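Down below are the structures I want you to see.
Look at the two complexes coming up: chain A is in both, with chain B in one and chain C in the other.
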Partner chain A sequence: MSTNGKVKVATMWLSGCSGCHMSLLDIDERILELVKHVDILFSPIVDIKVKDMPYVDVGIVEGCVNNTDQEHELKMLRERCKVLIALGDCAVTGNVPSLRNQFALKECLSRAYEQTESTKIACIPNDPIVPKLLPKAHPLQEIVKVDLHIPGCPPDADCIWFALTELLAGRIPQFNEKNMRYD
Partner chain B sequence: MIAPKKISITINGQVCEGEQGQTILDIARANNIYIPTLCFLKGLTPWGGCRLCVVEIEGSPKVAPSCATPAVDGTKITTHSDRLVAMRKATLELLFSERNHICPMCQYNKGDCGLQHQGMIHGITGIRYPYLYPAMPIDLTAKYFGLDQNRCILCTRCIRACDEIEGVHTLDVGFRGSKNQIVVDMNTTFGKSETCTSCGACVVSCPTGSLFDKATAFRGQWTSCKQVFTTCTECPVGCGLMVHTKENRIVNVWGDPDSSVNKGHLCVKGRYETWAEPRDRITTPLVKGKPATWAEALAAVKKGAKVKKAEKALLLAPRVTNEVAAAAAKLGQVAMFVGANEAALCAEPKFSDSAMQKLQDADAIIVLGAQPSLDNGVVAARIRIAVRKTGAKLLIFHARKSDLDQYADVAANVVSLESKLWDKVKATLANTQRPAIVYGPNAMTPIGVTVMERLIGILETNAGSGEPLLLGLPRSRIVTGIPAVEEVGPWLDAKPLKFLHIVASDAPDGGASLLEEKHVPALLEQIECVVVQASYKSALTEKASVVLPATIWCEKSGTVTNLEGRQLPLRPVLPVAGEARDDKAILENVYA
Partner chain C sequence: MTSKTILINPVTRIEGHAKITIHIDARGNVDDARFHVVEFRGFEKFCEGRHYTEMPNITPRTCGICPVSHLLASAKACDAITGRTIPRTAKMLRELMHMGQFIQSHALSFFHLSAPDMLLGFDSDPLKRNVIGLVAAAPELAVKGVLLRKFGQEVIKAVAGRKVHPDFPVPGGVNKALTAEQRDAMLKGMPAAFETAKIALDLLKGYHAKNLAEVEDFGNFDSNYMGIIQPDGALELYDGNLRFCNAKGEIIHDQVPNAKYLDYVAEAVEPWSYMKFPFIAKLGYPHGMYRVGPLARLNICSHISTPLANAELKVWREKRRVQTSSFYFHWARLIELLYGLERVQQLLEDKEITSTDILVSNQPQDPVGVGIVEAPRGTLIHNYWVNKDGKVEKVNLIVSTGHNNLAMNKGVQHVARKYVKAKKLKEGMLNRVEAVIRCYDPCLSCATHAIGKMPMVVELVDADGSVVDCLRK
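Moving on, here comes the complex of A and B:
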C-alpha cells in the first residue's frame, strides 16, 4: 500500500457507541480534502480490513478500555503510532461505560445476565473466546500515554476537523469554550 | 454614619477605585475585570473554598483567594499569570476527577454549569489525575427537586443559601476528607427532613447540576431561555418572579434579584406550586358540565342573568388583579369572599412602605396570629434571618406551632394572658429600638386585638423605641375597592338570589375549600343559575350551570397590590391556554 508521502492514520473503536466515528464522517465533503493529505490505513469505517495493525503516524481512538482485548489492541496501537488521539468523552473520561465503575464487576454482570426483567436462562458468558472484562472501565490515559484529548459526546465534526487540520499544519490544537464541548 | 474610606488598588496594571472593606473580587468585578469563581455567589458570605479566584498580590509569596481577601489600599494585584492559570487548571482537574461529572448525562450543559464553563474556558481537554469514580447517592425524595451527589463540587453555595437566605440551615457538609458530602439535616433525605421548607434556594445557587428542579429536567438550558419578569400572586407579599420559558413552556421560576421585596428569594408556593404541580385546568367553556362554545356559554349566562337586580350577585375570590376588582366593583351586588377574620386585612389594609426591608432590620419581631412559615415563606425567611443572624428578639402568639417557635424568645397561644408570660414579654422587649409586629387573621379577633393593644402599650413605654412596624398578613391576597365578606352563607341567604356569578380565577381549589367551610356549595343548589369563572376544576365548577375558563397567573397582565402598598405588574409569560380568557374580558363579555 503506497502512501505517497501522506500522513498515515489508524482509527480504533473500543467501548463507545461509534458516535465519534460518525462525527468524523460528519466532516462531509471535507473528507475529500482530508484524504489528499491523509491515508486511513486501519479503521472500522474503511472497507479494506487488514490482519496486522500497520505502523502509522496518527492513531485515533474512540471509546474507553473495558476488556483485556481492548487493552491489548490499544497498547499495540500505542507502539505503532507516533501521535495518539483520544477522541470523545469515553476515551477521555470513561463517560457512560465508566458508570459501572461505581459497582463491583460481579454485581454488574449479575445484573446484566441474571437479573434483568427479560432473563430466561441466567448465565454469565464464559466462553474463552469472549474477552475478559476488566474490573473497571478505563479512559485511555490510564492505560497508555495520550498525546491529545478531544472531548465531546461526540465532538463536533468542526472540532475534529480543527484538530486534524491543526495537526497537519504541525501545530498542537488549542481548545477553548468556542471550539469544544463536554456534552 | 462615617462613609467608608476610599481606597485604590492596581489590578493587572489598571488603577481601580474601591472602598475599605471590599474584597479584591468586589473591586475587580466593579471594574469589569474577570476573575474565575465557582464557590462565590453574590449575596452569600465568601467561602474561599474553590480556589479558582486566586490572585497574586505584589510582595506576597502566597496567592490569595480574591473573594475572601479584603483589598488593601495601594496593593498591586495580578489576576492572570502562568502560575495562577496552572493552579486553576490543577484545581479544576482535581474537581473533575473527584466525582462522576459525566456531562452527556446531565442537563446543565451549554453555559448552565459553572464547572463545565470553567473547564472549557481553561481549555481543559483531559485531566492528569486518575478519576476516582466514587459511588455516590442520589436523593430524589424531595417533591420538586433532586440532589445528585455525583455532580457536587462541595462549593457549599447551597448550604450558605439555605442558612443565609431561607435561614433554616437544612443542608451542611457531612463526613470526613474525600468522603465529604452535602447532608440534609442529620444525614437524612429531603423527603424525611423536618427543617427543609422546599423553598428551592439551594437549587438556584447550585453551580453544577447537583441540585436540580425535577420539573425542569431536560426542558432546555436556562441560558437559552426567554426571561419574563412578573409578580407572584400567591400571597400578599408580591415577590418578583423571573420566569424562564422555552417553546411556550416554563423551564423554571426564579426570584427576581432586583425586586426589593424578595431580593431573588422565593418560597415553595411561588417557585414550584404554581407550575410544577399537575392541576386540572379548564380550557373550554362548559354549559351544564358539557363543553360549549363561548357564544353558547355567554348566551346561557346572559339568559340566567335576566333577573331583577336584587336577585343577582357577583362573588370574587381574593385572587384577581386590581383591574378586575375595579371592573367588578361597578357591577351591582359585589363582594369578595375571604377567610375568617381576614376581611379587614384583605380589603382595608394598612400599608407600610418598604416593610420587607424594615422587617429584616428589626431588632424585635412579634408574630401575632399569623403563620408566615406556612402562608408567606419569604416573610418567614426574613424573620429567621433577623433572629438568627442579627439577634432580633422573636415573640410568637399563635395557636398553631411552626418551625419559627424554636427561635422564639416567647412562644404562646394568642389567648394566653397570664401575668408571668407578660413579665417575660416586657423583659424581652425592653430596650428594643426597631420593633415589628407581623399580624394575621387571628390577630383580628377580640382577644387578638387585646393582645395587640397590650403589646403596643409595652412598646410605647420602651424608652427609645420607634414606632413599631405593623405588617398585616392576610392568608389570601390584598384586593382593595371591593367589600370583603367572611360569612358568605348569610350574605347569600339574605338575598333572593336567582343568579350568582363566582369569579374564582386561578385559585388552585377554585376557592372551594373556603366556601365549603361556609357550607356554600349546598346553598348554591337553591340558586337557578350559578356561573363559575375559574381556571381549575373544583367542587364549585362541578356545581356550576356555566363554567367560564379564566387565565392563570402566568397568562395574566395587570397589577396587584402588595403589603407595602405597591402596585406590582403582572406580565404574560405564556400564551393563553385553549379558549381561556382574561377575568376582566369575561366580565366585559357578560355585563357589557
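Moving on, here comes the complex of A and C:
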C-alpha cells in the first residue's frame, strides 16, 4: 500500500498484441471507480517519466517472453511486485507468438527479412540497438514465478474487473465457470 | 557513421520499447535520426502449414488495437482464394464491424492519447497527462470519450459477437446474421455518438486556431501518399483499388487492383530495426517514401461520400489541397470518425442488413489471395499462397504502421534538427519526438510496444559511434 492508501499497480506489455490491455480498457466507465482505489505507476497506457521501475503491490503482464529485453523486464518486475498476474493466453501459454517455436529462429528471420516477396533490399536486423531474440518464445511461468493466471485471448473485461476487485478486497480471485465464460 | 557500440544499461533497458538515436556528423550537425522498432514475432513464417481458413483467427493476433482490420484483410485474402464474391449483406456486415473499429480506435487515439496533451498541455505533470488525468480535469468530456469508444466496441460486439478478436468473417462471408433488435439498439446510441464526435472536432479546430504556427510546422515535410479509394475517387476504408499520389496531390498510380500490389510497393530492411521500410517501387529507396492513414486518405481522395464528413473535409482543405503537417493527422482522424458514424447509420438503415444470405461456399480455387483494407492507421496488406488442399505455403504481410516507417524517421529528424544544439539534446525534445510519432498513432503492437504513450530513450551518437548525450523517460 502506498501512503495515500491506494494499491500500487504496474502493467507490462511483452510479446503480445495489446488486446489484453484493450480488454482492460473495456471496463469502460468503471475506470473511474478503479482509479479511486488504484495508482497505476507503470504502464503503456499512462505517461510515466520515472527513470526506474517502481516497487508495486500488483504487477499485471500481457504477452510472452520473446527477447532478452523482455526477459530482463519481467524478472525486474517480479522482484519489485508482491503479486504477479499473467494476463491472457500469451502470458499464460505462449499462445500465437509461440507458434514460431516449431521453426528455427533463423528460418523465421530469413522468411521475414530476406524471402518475403515485397522485400527488395534485404538483411537480417542485427544492430545491438535491437534486442536479441530468444531461440524460443516462453510463457511467463517458464521464466518467473506467477501468482495468478487469467487465461483468454483476451480475457473478458468483466473477468479482469472481477480479478481486480477481488484483489482489492484482499482475496485471491477464485474463477468459476460463470466468470470464465467470454462469449 | 553508424552506431557501432551503443550501450544501453539495465536501467534504460526497462524503458527501451521505443528507442531513438540521433546521429551527428563531425561538426555536430544532425546527420540522421532513427526510430528503432524492437519487436519481432514471425507471422510470415509460423503461419506456414496452417489451413487457410485458420488465417482469420491467427493473424489478428498481430494487433489487439486493430484486430478487426487484420481479420478483414485476412478474410478478404481468403475470399480471393475461394474465387467467390461474398453476398451483399455479408459485405455490409463486415463494413459495419469495420466502422465500429474505426470509431473505437479513433476515439481512443483522440480522447485517451492526444486530448490530454492538448487540454492539459504538453508540459503538464506527466503523471496526470493521460486519460486518468483527463478524468480529473474534465470529467464530463473524458466520460463522453470513454463512452464513444465503448459505442464503437459495442458495434463490433453486436455484429461480431465479441469486442476483441471476434471470429465473425470467414472465407466466403460471415458466420452470424444481425437481428432487428441488435440493429435498433445500435441506432439508439447514434445521437450521443454524433454529439461527442462534434465536440471532439470543435475542440481540435479550436486548438488548431490557437496554435497555428506550431501545428503548421509540426513534422511538416513532403511525402507521397497511398490508400484505397472508391471507383469515383471517394474516401474508402473497406474495399477498393489502390491510389498513389505525390506531395502535390498529383496521381502517380491509380485504381491499382489489390492483387497487383507487388508491382508497386517494395520493402527495404535496415539492420537497426525489426520494422521494414516500404517504398513506392518506381521511385526507389528511400525516395519512394510515402505516408498512409488518415492524413494520406484525406489527401488522396477526391471527396467523401457522406454529407457531414464531406463538409468537414472542405474545412480541412481550406488552406491548401494537400496537408503536409503531421498534426493534421489528428484532425483527419476525427473527420474519419464522423464518416464512420455516418456509415454505421447508413448501413443500419439498409433493408438488407438483417438478411440471412451471408455465406457462399469456401473451397480453395485460386493458389494466391490478396486482401487489402484501410486499417485505422493505414493500408493493411495480407497475401497468402496455398496449395490445392488449402494449406498455406507462404505468407506476406505489410502492416499499416510499417508503411509510415520512413515518414516517422523523417519526422524525428525534423524535430532533431531543432532540438539538438552543440552536441546536446535540449529539454523538451522528448515530448516533441513522442508527439511527432504519436501523430501517426502507430499501432505499435504491429511493430513495437506502446499504446502511444511510449517509454522512450533518445541517444545522441557521435560520428565515431559514441553516445555523447542521452535523454530518457
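FYI, the second predicted complex is superposed on the first by the 176 of 183 C-alpha atoms of A that agree within 3 Å, B and C clash if a C-alpha of one lies under 4 Å from a C-alpha of the other, contacts with A are read in each partner's own complex, and residues count from 1 in each chain.
The rule is short, and it goes like this: contacts are C-beta pairs under 8 Å (C-beta built on N, C-alpha and C of every residue); 3 or more make two chains touch, one makes a residue touch a chain.
If you're wondering where the values come from, they're calculated on a predicted model, not measured in any experiment.
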Task: Partner chain in contact with A:Leu74 - chain B first, chain C second, else both or neither - done: neither
- [ ] Please determine whether it is chain B or chain C that touches the greater number of chain A residues.
- [x] C
- [ ] Would you check which partner chain A:Gln102 touches, where first means chain B only, second means chain C only, and both and neither mean what they say?
- [x] both
- [ ] For A:Val58, decide between first (touching chain B), second (touching chain C), both and neither.
- [x] neither
Open item on the list: Quick check on the superposed pair: does A:Thr93 touch chain B, chain C, both, or neither? Answer first, second, both or neither.
Closed with: first
TODO: Determine, under the contact definition given at the top, whether A:Glu142 touches first (chain B), second (chain C), both, or neither.
DONE: first
Open item on the list: For A:Cys153 in the superposed arrangement: first (chain B), second (chain C), both or neither?
Closed with: both
Open item on the list: Touch test for A:Ala10: chain B only (first), chain C only (second), both, or neither?
Closed with: neither
Open item on the list: So in the superposed three-chain picture, is A:Ala122 touching just chain B, just chain C, both, or none of them (first/second/both/neither)?
Closed with: second
Open item on the list: Just to be sure I read the superposition right, which of the two partners does A:Glu177 touch: chain B = first, chain C = second, or both, or neither?
Closed with: first
TODO: Show which residues of chain A both chain B and chain C reach, each in its own complex.
DONE: 95-96, 99, 102-103, 153, 182-183
Task: Of all residues in chain B, those that touch chain A in their complex - done: 96, 100-106, 109-110, 116-117, 119-121, 123, 125-127, 130-131, 133-136
Task: Residue numbers on chain A that touch chain B, as the complex places them - done: 86, 89, 92-96, 98-99, 101-103, 136, 139, 141-142, 146, 148-151, 153, 174-177, 180-183
TODO: Under the touch definition given earlier, write down the residues of chain C that touch chain A in their complex.
DONE: 2-3, 5-6, 8, 10-11, 13-14, 16-17, 19, 21, 34, 36-42, 44-48, 58, 60-65, 67, 108, 112, 116, 126-127, 129-132, 135, 139, 143, 146-147, 149-150, 153, 161-165, 261-262, 265-274, 276, 278, 281, 285, 383, 394, 396, 398, 444-445, 449-451, 453-455, 472-473
Open item on the list: Per the contact definition, I'd like the list of chain A residues that touch chain C in the complex.
Closed with: 13, 15-23, 25-26, 28-29, 31-32, 35, 40, 44-49, 51-53, 66-67, 69, 72-73, 76, 95-97, 99-100, 102-103, 107-109, 111-113, 116-131, 133, 137, 153-154, 156-157, 182-183
